[in-house]
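Each structure below appears as structure tokens.
Two complexes come next, and they have one chain in common, subunit A, joined by subunit B in the first and subunit C in the second.
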Partner chain A sequence: MPSRIQVPEPERETIAIGLEGSANKLGVGIIRHFPRPNKNSHRPPAQILSNIRHTYITPPGEGFLPRDTAKHHRSYVVKLVQQALKQSGIPIDDIDCVCFTQGPGMGAPLQSVAIAARTISLMWDKPLVGVNHCVGHIEMGREITGATNPVVLYVSGGNTQVIAYSHQRYRIFGETLDIAVGNCLDRFARTLHIPNDPSPGYNIEQLARKGKHYVELPYTVKGMDVSMSGILAFIDGLANDIFGGKAKYADDGSEITREDLCFSLQETIFAMLVEITERAMAHVGSQQVLIVGGVGCNERLQEMMGIMARDRGGAVYATDERFCIDNGIMIAHAGLLAYETGYRTSLEDSVCTQRFRTDEVFLAWRND
Partner chain B sequence: MNDDRKKAEDSEALPALPKYLSEALDLKLISQGAEALVYFSKAHPYLPATLSSDVIHNSPISPAGYILKFRPPKPYRHALLDAQLTKHRTLSEVRSLYKMMLAGVHVPMFVAVDPRQGLIWMENIDGPSLKKWIWGQEEEIEKKVSDEDSRLTMREQTVKPTLVAVGHEISKLHFMDMVHGDLTTSNLVLRRKDDGSLEPVIIDFGLSQQSTLPEDKAVDLYVLERAFISTHPMHAEEYITWLLEGYLAGFGQGKKTAKFKAREIMKKLEAVRLRGRKRSMVG
Partner chain C sequence: MLDAAHKKIRVFTNHFTYSYFSQFCFYSFQIAVFRITEMSVLPNKLTLAIPFQNYRHASLAYKALSPDPLLKPDQFYMEMSVISQDSALVDDKHEEDIGATKLVVEFAGASDRVLRVGVNGFFESLGVIVECFNAFDGGVLESVVDGKPVVFE
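Then we have the complex of A and B:
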């Protein structure tokens, strides 16, 4: 285990631009960090100068394919960077570094955004900083909510992890053994032909609110880990039966609707997530939970987590869609934290990777 | 255990035990995990207290008191799902306990179960956890002798036989294709027998499952190794070697197939050690 490294903090303001494009959202954000007024005080909250996002939306019943997503990112990235700069109102000279998502994510979209980042880094002569997408989510969540040392539930279309901090790394306590929770919801939305606008998960949440009957589904928690693929296959089968004219009935005799299915799916998979989070909290003795990632916007998940945290004498921290859903600002923020400790990514090392685990990142900026 | 007790007292809103129990019996909360509350009771759940003094001591009924494990309802999840999970988990834990008891593995004898309420009664194991016991031994040895060589000799005399016995006990578990799921040094308790020797007892089957895969058993051992490394970092390697010695010897007593099984598990353990418990993957 590496010893704790103390780094001098910069005594001036720093500004970073962040580019994110690991999935179907392309995001550009600019953030400003302020130095501590004196040694013992907290760092003042960061200032968000601009936070722009453009989402690649596919027709109902279809997912986003890597090639088309990459094409979307390529055609919008220049426009978004220009917009972000204009909105922030700062000259290019004031920017300290260019941050970009180095992984994990879909290969082709990651690459197109990395190319954009390299290009502006060379054009403006600013250093590059590669950022782990998951660490970006966690750091942004901590910054916005003020949670100091929470257990983190990171739930999105590509990731499902329960994370806790220890010895300058975010360690994964539990995770999905197959597909991510967002992927499970998205794919069920495709089965039901629910629109992908603004997002499949949001539309499932709205339908679930109208659901009344709980349909029993498989419940697969294995120690600290969860598995979702069996649940998806099971509920897909149910949905196909119902659409195929074979109606199913609840105990009170009423027909099971697609709202009921959405409701039951949410209740089951969120209960699994809350359970493994509670286990991690008991294990590390933490009373704070931070939910990050796109699925973290779901109000039912936040509510369930809130009840669990309250019973443990703690609290849940969650952010809204601006920061939960993939965005450029979180990449800028986490990148700037690393930049301030002297971290740089050389042009040769700026290749991105689809597999980039959260616990691979050494957090030089945390020393608690 | 003291820390746990303190934590349990500190937290305000404890999920309530069914009233008929908390009012009728003198129950003491001894630990609070994420899933269950564990209480200690001196009295047997259904035998009248007047029996206890003379009859119980001369019967196979445990004189060391009783443990009540309670899975409280979780208000965050849907009531139907909650009821289904509580029932299922309570029953599966009891089944594992009973199966292991029949197979001659040292586990707490179970007394009664109420799956709908999530209640399991079992005997209390009177003795220190392996963690506490090793800490005590290490301290004693450090006090008695000063050079590392004679300390090692003393550890070989006291700690080694116990760890070999623990390994042997785990091998019985795995031989029955039972995977514990949470093997730590706190879930291994040492019971003092009448002749003064120590007998390892495996407790807490809350995460246990039946599995024929060598992989699952290797992960069981790996989790225990990690527990040794984090709670007894000074001599972890030595302790693990002794433990595995007992583990393999336990399998060695069986037939050819048992030895083959053991070899497969060791091979997997090597692989698990290299990669950690988690595969390097993305969803």
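Then we have the complex of A and C:
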């Protein structure tokens, strides 16, 4: 188990550097926290000193493989750290801790970035802080949007979870039973040979805007959970039929296009997400929804979630691509919150883990 | 095994190398037995001595590499040690003052292919570490090893 040291809340500014590389994005960010002016006040907003990212983009029709992604991260990580330091304009001495993503994610890319984090932590003699990727997303979303106690929908290429806070842990209310929402979208983009630049999900979103006809797809909500793989197999089959020369027709007689398929896929899976999120809100009694993760910057998802939240007298909180898509700043932020409560990751405990559940993390920094 | 020609100091105890085994084996005696078995059973062997400018860099590389466990120790096994040619005791000197230190790595694999893949993986990780040294700590590697220039990247 990681070591825990009891220290009082810092009365000075603290600065952390965060390294993220759990999937195909490599991110480095530097953040500054300010102390609370007095015991009863809130902490002033964090200051983002730098937040840079380099994405490993594969050709259309191809996904990113762990080995190649790790190679990408190894080639860029040191350059990104240098650039982040330069952009922030702060000397290395001012940094309090080095934070890195410990999981969940792809093993080889995580390990490549962890090696760099360990090395700079040892060289600069700064403590190492291992961060749970999901907790990073949630904490950054809360920091940016100011949502106090939201139900969190965490949707990305590797994760789909509905989360609510209770007793110093982020509890998972519902999740995907097979593949993540983003994975479903990415793989459909591969079937359609849509470019992966800037991201497959973004390109699907653009196509979906031009879709006019809804094609009925399986709707697979299982209690609080969802299942995506059947939908993907179904729509892949449809797409292969259409592009194989077997045209499909909508009710008004017009041919179903790939734009219609993208539109139908988004509408179906986002409706499922809205349903389980609404149920979690009813359970928890919360009026706020916070959407985090790469799929969270999809404007259609934000719009659909907004309609539901307004009906319940609440609001939806979302961030833009700088903070939604994997980034280093969220790792620095969540790591610094843990650091301020005395959390350190010893060298022996700095091994990355592909499976690291959101509810495994004890949130010493939250006492509500 | 290690080249006995130099006067060496085994700087680290086995603590770092075997931290992941220590969860399973409480007695160093058992650890030693396990290690000897793995090293001697696997037929394909390779020993590398990687030179660093000083003790600090060699030991940093050692520390950064050591936490990651070997995924299949019965297929591929690796053991690192930091060896300084400086005759003075390490404890008496500042880390940066101890010059010319080697990171000695002994590899053993079940087949030559496994050995090759494992050694390549090791070099990939070491590349990141050396790049960190170059970027944030000035020059690191001796440019020449055994009369031949060493080029990283």
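Simple rule for what comes next: the second predicted complex is superposed on the first by the 360 of 368 C-alpha atoms of A that agree within 3 Å, B and C clash if a C-alpha of one lies under 4 Å from a C-alpha of the other, contacts with A are read in each partner's own complex, and residues count from 1 in each chain.
Simple rule for what comes next: a residue touches a chain if its C-beta (ideal position, glycine included) is under 8 Å from a C-beta of that chain, and two chains touch if they have at least 3 such contacts.
Keep in mind it's a predicted model, so treat the numbers as computed, not measured.
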After lining both complexes up on subunit A, report clash or fit for subunit B versus subunit C.
fit
Mind working out whether A:Tyr214 is in touch with subunit B, subunit C, both or neither, as first, second, both or neither?
first
In the superposed arrangement, which partner chain does A:His33 touch: subunit B (first), subunit C (second), both, or neither?
neither
Scan A:Gly158 for contacts with subunit B and subunit C and give back first, second, both or neither.
first
Going by the contact rule set out at the top, does A:Arg53 touch subunit B (first), subunit C (second), both, or neither?
neither
Applying the touch criterion given at the start, work out whether A:Arg258 contacts subunit B, subunit C, both or neither, answering first, second, both or neither.
neither
Contact breadth on subunit A, by residue count: subunit C or subunit B:
B
Name the contact category of A:Ile92: first (subunit B only), second (subunit C only), both, or neither.
second
Angle subunit B-subunit A-subunit C between C-alpha centres, in steps of 10 degrees?
120
After superposing the two complexes, find the smallest distance in angstrom between C-alpha atoms of subunit B and C-alpha atoms of subunit C.
20
Subunit A touches which residues of subunit B in the complex?
11-13, 15, 33-35, 74-78, 80-81, 84-85, 181-182, 207, 278, 280-283
Touching residues (chain side subunit A, partner subunit B) in the complex:
104, 158-160, 172, 175-176, 178-180, 183, 214, 216, 219, 223, 267-268, 271, 274-275, 278-279, 281-283, 304-305, 307-308, 311-313, 354-355, 357
So in the complex, the part of subunit A that touches subunit C is made up of which residues?
70-71, 74, 77-78, 81-82, 92, 111-112, 114-116, 118-120, 122-124, 347-351
Can you list the subunit C residues touching subunit A in their complex?
16, 19-20, 60-61, 63-69, 124-125, 127-129, 131-133, 135-137
